[in-house]
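Paired with chain B in one complex and with chain C in the other, chain A is shared by the two complexes that follow.
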Partner chain A sequence: MSRVTAFLTRRRGGDRWHWTDVVTVLWLGAGVILMFGPAVWLVLSSLKTPAGLAEFPPTLLPYAAETVVVEGYDKPLPLFTVTREDGTEAVLAEARRVGTVAQMIDPANPDDKLRVNIAEREPVRAVGFAWENYTQPLVERNFFLYAQNSVFVTVVATIITLVTNSMAAFALSKYQFRGRSAVLILIVATLMIPLSVILVPLFSIISATGLFNTLWGVILPTVATPTGVFLLRQYMLTIPDEIIEAARMDHASEWQIYWRIVLPLTAPALAVLAIFSVVWRWNDFLWPLVVLSRQDVYTLQVGLNAYAGELNVQWHFILAMTVVTMIPVVLVFVFLQRFITAGIAGTGVK
Partner chain B sequence: MATRLKHMAGAAAVAPLALLARVLDPPLRALQRVAGQGGMITFFLVPNMAIFGIFVLLPLCINFVYSMTAGPELFLAQRDWVGGAQYAKLLDCEDYTRPATCDEDLFWTAVWNTARFVVVQVTLLVVCATVTALILNRELRARGFWRAVFFFPVLLSPVVVGLIWRWILQRDGILNAAMLDLGLDPVNWLIERGWAFAATVGVTIWAHLGFYALILLAGLQAIPRDLYEAAEMDGTRPARMFWRITLPLLMPNLLVVIVLALIRAVQVFDEAYVLTGGGPGTATLYMTQYIYEVGFASLLKNPGLAAAASILMGGVLVVLTLVQLGLGRRGESKGKAR
Partner chain C sequence: MGRITLTGIEKAFGHVEVLKGIDLDIGEGELVVFVGPSGCGKSTLLRLIAGLDRPTGGRIEINGADVTRVGAADRGLAMVFQSYALYPHMTVRQNLSFGLENIHMPKPEIATRIAEAARMLEIEPLMERRPGQLSGGQRQRVAIGRAIVRNPTAFLLDEPLSNLDAELRVSMRAELAALHDRLGTTMIYVTHDQVEAMTLADRIVVLRAGRIDQVDTPLGLYNRPANLFVAGFIGAPNMNFFAARIAGGQAVLPGGLAVPVPGRAAEGADITIGIRPQHMRLADPGAPALEARVTLVEALGAETVVHATLADGERILTVLPGQPGLERDAVVRLAFDSADLHGFDGAGQRLPEP
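Let's look at the complex of A and B:
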């Protein structure tokens, strides 16, 4: 505890509070609430029942109405606290409700019936999680399919990106040939060309090649990333050429030099590119939105957007599926954050 | 134990790939004998450059042709050549500041919305990112944790970001509940024009702040400590140290951050689209959404017009990129001189 207090009261230079200390504490405190708060609120909300979501003002934790099974009734009945006319309170089950009047019964004694105005009772509730928000869209709706599509796109695109980008980077860093600088300039020049600038013609090419409404149509335009080639080439330039010369002396083929020598030495840069590629492809939205117009090929992002755009927004499903969509990225964040932050700080790439 | 497991998992993942590489070796050796080293260079370059050529370079080139054609047909060969008519349509305007007087009023609405967004968002974003970086650069305990706090939203998908905030900002959302608790009147955040615009600005800042703060933090940490020690010995006040040491030495990173943020802000789409869908009305309709809607989503598709608009936007981005490259080169030569 003393360490916590010591931490909380650490100040710049000595005993007095400098104004920068105040700003620091406020900024960091607000940061935690503003940055983590929305995500926490999303997860809490995703576990509420539709009735719980419709409540205003909302409760912090998800609550579920307690129910009881009473003899003579097929379904479990919801429990309410009712104040009797004589002033005593009792926990009763709702047997039937007509308009604003409910017929309440005592679970221990089902024949004891009482008519109560619904304004004069309080539901009995306990913290409860509506897991069906998660299971229903995954099983009954297409979300499992969307998730599969997203995984397929992410994995395949990342593998192709790593292979093709590293091959090109190898050729551009370890060989001298005519036109090398031309190729390099071409790649650097397109580094900043965003998808939105070539959206229309790219779509016509995808249609012409028959890739419209296929996952390959989503994958292929994204894999030849100039960023990846650039990143890997910069790293490969630091590998000394003497190693490669020595391997050539030993009759290694060029393919073997690439595969057995250069690639293993590029592992750290490959790891960074792999992480970036996974996050990019998992999060892609605009391009899949354009290419995929049939439900069975939707990725999670497109599927989520489609459900959120419905006239009658079913928030309990959407919030749960948003959490599911978040999971892989949160895992990457928790376990691989070091690589990403190092990658961004070093190259300014995102 | 853990490291051994990791090694085993790594080996298991690499094994099939290594086998594949070994199987590929004899035919590639034969290729090398026939085609020589030059042939191998081509072999290494072809997969990437072919994909790059077909899906980036070719669209880029035909986009210019595309923007000079009209009609609903998708394939270039079936489209009618109209020359500069699409550009003329986009630029036909009595008063550029009033979109209603323009032939293509939505385009100019999008232009002005985007311009407003770029100015407000980039300014606030850069200021917030700088403050965050300065604070993270102080002697904090658990700095890694605090850095993670601000960086966390960067990795979230724009759709997730948009939906999280739509849930918070909706009429019966938690923000309005909090406003009521504080005795304020609830606000229709996503339905009132000004607030919807502010929401797109705020949410995109929320999502990208950590990224820029990280670049600035790297710059701050590269400033040599002894400069501050020397200044302290000379009795320099902290405020003066900030203006005379921190800010000038941070300038290269700051410029990169500003240009990157500008380039990204011009293309704003995903988060805003999920959050407001461009509404209310056209209050948050930005350039990329305009291109998307004209080219694909609206009933009267006009791909030629969308292509022309995208080329105009591309022009703005090219200028910004050139500025960035110029700044990068200046930074590089400075680095060499040092």
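Let's look at the complex of A and C:
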């Protein structure tokens, strides 16, 4: 703890706070709140009940109304603090409510009924987590299936991306052939065309090849990435040609040179591309939304979208499942951020 | 086995001609050194022999078979690269076995060959390490080991010692010579270091600007350089050259000193006289000699390198045995035997024998 304090109160040197220290702390503090605040807000909100979410002004922590089981009633009844006419307070359960008047009963003495205006009572609440926001979609709805689909798409797309992109990068970095630069420029130029431009033609291809409503229809159009080819090529250029020539003298076929020499030596760049690819494919929304229209092939992102109906948005489920879908990406960033910064530095893209 | 014949080899990169007609016959078991200044085409020639590049003209034969169009892997040669080009992600053992696995050699035989090479090169304790964990000399041994296990027709070595420090270079040089004696395989060795060339070679090929200037044994090159370039390139420090004119059947040096003509030359012709620094000595008083003023003395103990200038400003370098006790600005008189003189004509070619 003292080390944390020492870290947080670190100064520019000297014993006194320089004004730049203050500005730095304020600036960084604001940054933390700006970046981290929404995420914390999301996690806390995901544990609120629908009523808690609709409440105004909003509360920071999730609260739940306390309930009690009373003899003669099937459901647990919510508890309220009621101020009687004589000024005394009592904790009563609500039996039923008609308009602005509620019929309250004492849980200890269910036969003693009391009519109370709802303005004269306060719900009894404690911090409570609405775990059913998580359990319900995961257990009762198809979210496990969606997660499986997402994992399948992410893993398969990443593997194919790595293999195809590294092959292209190998050819573009280690073979001399006419038009090599032209091909490379063409590949990199496709970076300038956003998905929304080619959405319709791409869709007709997918539809014509019978990949509509299949996960392969989501995977295949995304596997060839100009970023990946460029990143891997730049890295492969740093592998000395002499090593490849030595392998050629060693009777290695071109495939063996690629598979046994170049690929292992490109491992750091492959790791970067793998991380990027996982994050891209996992977060992909627009393209899967276009291709997938049956529930059993939904990915997580598309499945989340299903909770936002035209008339009714189930915020509590959306928030909870957003947290679930965030977890893998957050883990990737936490544990592999060293590679990610290396990749951004290497290609200038993210 | 291991006879390599080059006929009219030419190589151009675009419009740049790097090799301009190389004819060379390398005998079985010979250790031939290609030497020359950087850019002379020696490494290119080696890569053509290896099959890593294709010549633009000419024929390459190995043991009588034309291999000009045969790929690098199928020529039966092994190459040691300047940077060693070890596979960084493989252990030493995997580095050695990679080439043998590729030709589907049975596992027991691979193990035998690797064990033998490791014993020969004394790298047995390093077998499970990766190249990154080895010192320069150890990497060099592994690179040679990778060539040896293939049991090649000939070894091609591209400046293999240039990345080592001076001390290690001397010992590796001796090991390479010993290795060649033991294996008896043809070796082609490329270097720009003439000391390596002199100490290792059976024959030296001196290349300049894409052509062969001279092919001879080390001592043949030293004693009878074919032209000014070879004379200046072989031997350290470099040979001294003086412009001279033939007058009265004698060559007259700038200071007026007349010496016998080393070779045949016409009366009145301008020639160049060469004398190696080691072949000069301090003259006896009264004897004919070159007079020079000392500008720098490098005392090495066993010998002393004296830099001096002649009366006309020409620089002269001598290596005197022992410690003659000369100082800067002293005037020395240098004498030499006329048998040690080299004569070159106006085109830089060696004067024909008298």
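Here is the rule we go by: the second predicted complex is superposed on the first by the 312 of 350 C-alpha atoms of A that agree within 3 Å, B and C clash if a C-alpha of one lies under 4 Å from a C-alpha of the other, contacts with A are read in each partner's own complex, and residues count from 1 in each chain.
Definition applied: a contact is a pair of C-beta atoms (placed from the backbone, for glycine too) under 8 Å apart; a residue touches a chain by one contact, two chains touch by 3 or more.
What you see is a predicted model, and the numbers here were worked out from it, not measured in a lab.
Trainee: Please determine, from the superposition on chain A, whether chain B and chain C clash or fit.
Mentor: With chain A aligned, chain B clears chain C, so fit.
Trainee: Looking at A:Gln256, would you say it contacts chain B, chain C, both, or neither? Reply first, second, both or neither.
Mentor: Once the two structures are laid over each other on A, A:Gln256 reaches both partners.
Trainee: Please state, to the nearest 10 degrees, the angle that the Cα centres of chain B and chain C subtend at the Cα centre of chain A after superposition.
Mentor: Here the answer is 60 degrees.
Trainee: Kindly classify A:Gly29 by the partners it touches after superposition: chain B alone (first), chain C alone (second), both, or neither?
Mentor: neither
Trainee: After the superposition on A, what does A:Gly210 contact: first (chain B), second (chain C), both or neither?
Mentor: neither
Trainee: Of the two partner chains, chain B (first) and chain C (second), which one does A:Ala246 touch, if any: first, second, both, or neither?
Mentor: The second partner, chain C, only.
Trainee: Using the superposition described at the top, determine whether chain B or chain C touches more residues of chain A.
Mentor: Here the partner covering more residues of chain A is B.
Trainee: Check the residue A:Leu265 against both partner chains and state whether it touches chain B (first), chain C (second), both, or neither.
Mentor: The answer is second: A:Leu265 touches chain C but not chain B.
Trainee: Report for A:Pro76: first if it touches chain B alone, second if chain C alone, otherwise both or neither.
Mentor: neither
Trainee: So, does A:Phe170 touch the first partner chain B, the second partner chain C, both, or neither?
Mentor: In the superposition, A:Phe170 touches chain B alone.
Trainee: According to the stated criteria, A:Pro50 is in contact with first (chain B), second (chain C), both, or neither; which is it?
Mentor: neither
Trainee: In whole Å, how close do chain B and chain C get at the C-alpha level once superposed?
Mentor: So the smallest C-alpha to C-alpha spacing between these two chains is 9 Å.
Trainee: Chain A residues touched by both chain B and chain C?
Mentor: 253, 256, 260
Trainee: So in the complex, the part of chain B that touches chain A is made up of which residues?
Mentor: Interface residues on chain B, with respect to chain A: 21, 24-25, 28-29, 32, 37-38, 40-41, 44-45, 47-49, 51-52, 54-60, 62-63, 66, 74-76, 131-132, 135, 138-142, 146-160, 163-168, 172-174, 177, 180-181, 206, 210-211, 214-215, 217-218, 238, 256, 260, 263, 267, 269-270, 274, 277, 287-288, 291-292, 295-296, 303, 306-307, 310-311, 313-314, 317, 320-321, 324.
Trainee: Over in the complex, which chain A residues touch chain B? Could you list them?
Mentor: Result: residues 7, 10, 12, 20, 23-24, 27-28, 31-32, 34-36, 38-39, 41-42, 45, 54, 56-58, 163-165, 167-168, 170-172, 175, 177, 183, 186-187, 190-194, 196-205, 207-208, 220-221, 223-224, 226, 229, 253-256, 258-260, 279, 282-283, 285-286, 289-290, 301, 304-305, 308-309, 315, 318-319, 322, 325-326, 329-330, 332-333, 337, 340-341, 344-346, 348, 350 of chain A touch chain B.
Trainee: Write out the stretch or stretches of chain A touching chain C in their complex.
Mentor: 240, 242-243, 245-253, 256, 260-261, 264-265, 267
Trainee: Quick one: which bits of chain C touch chain A in the complex? Just the residue numbers, please.
Mentor: Residues in contact with chain A: 50, 52, 71-73, 77-79, 81-83, 85-89, 98-99, 102-103, 146, 150.
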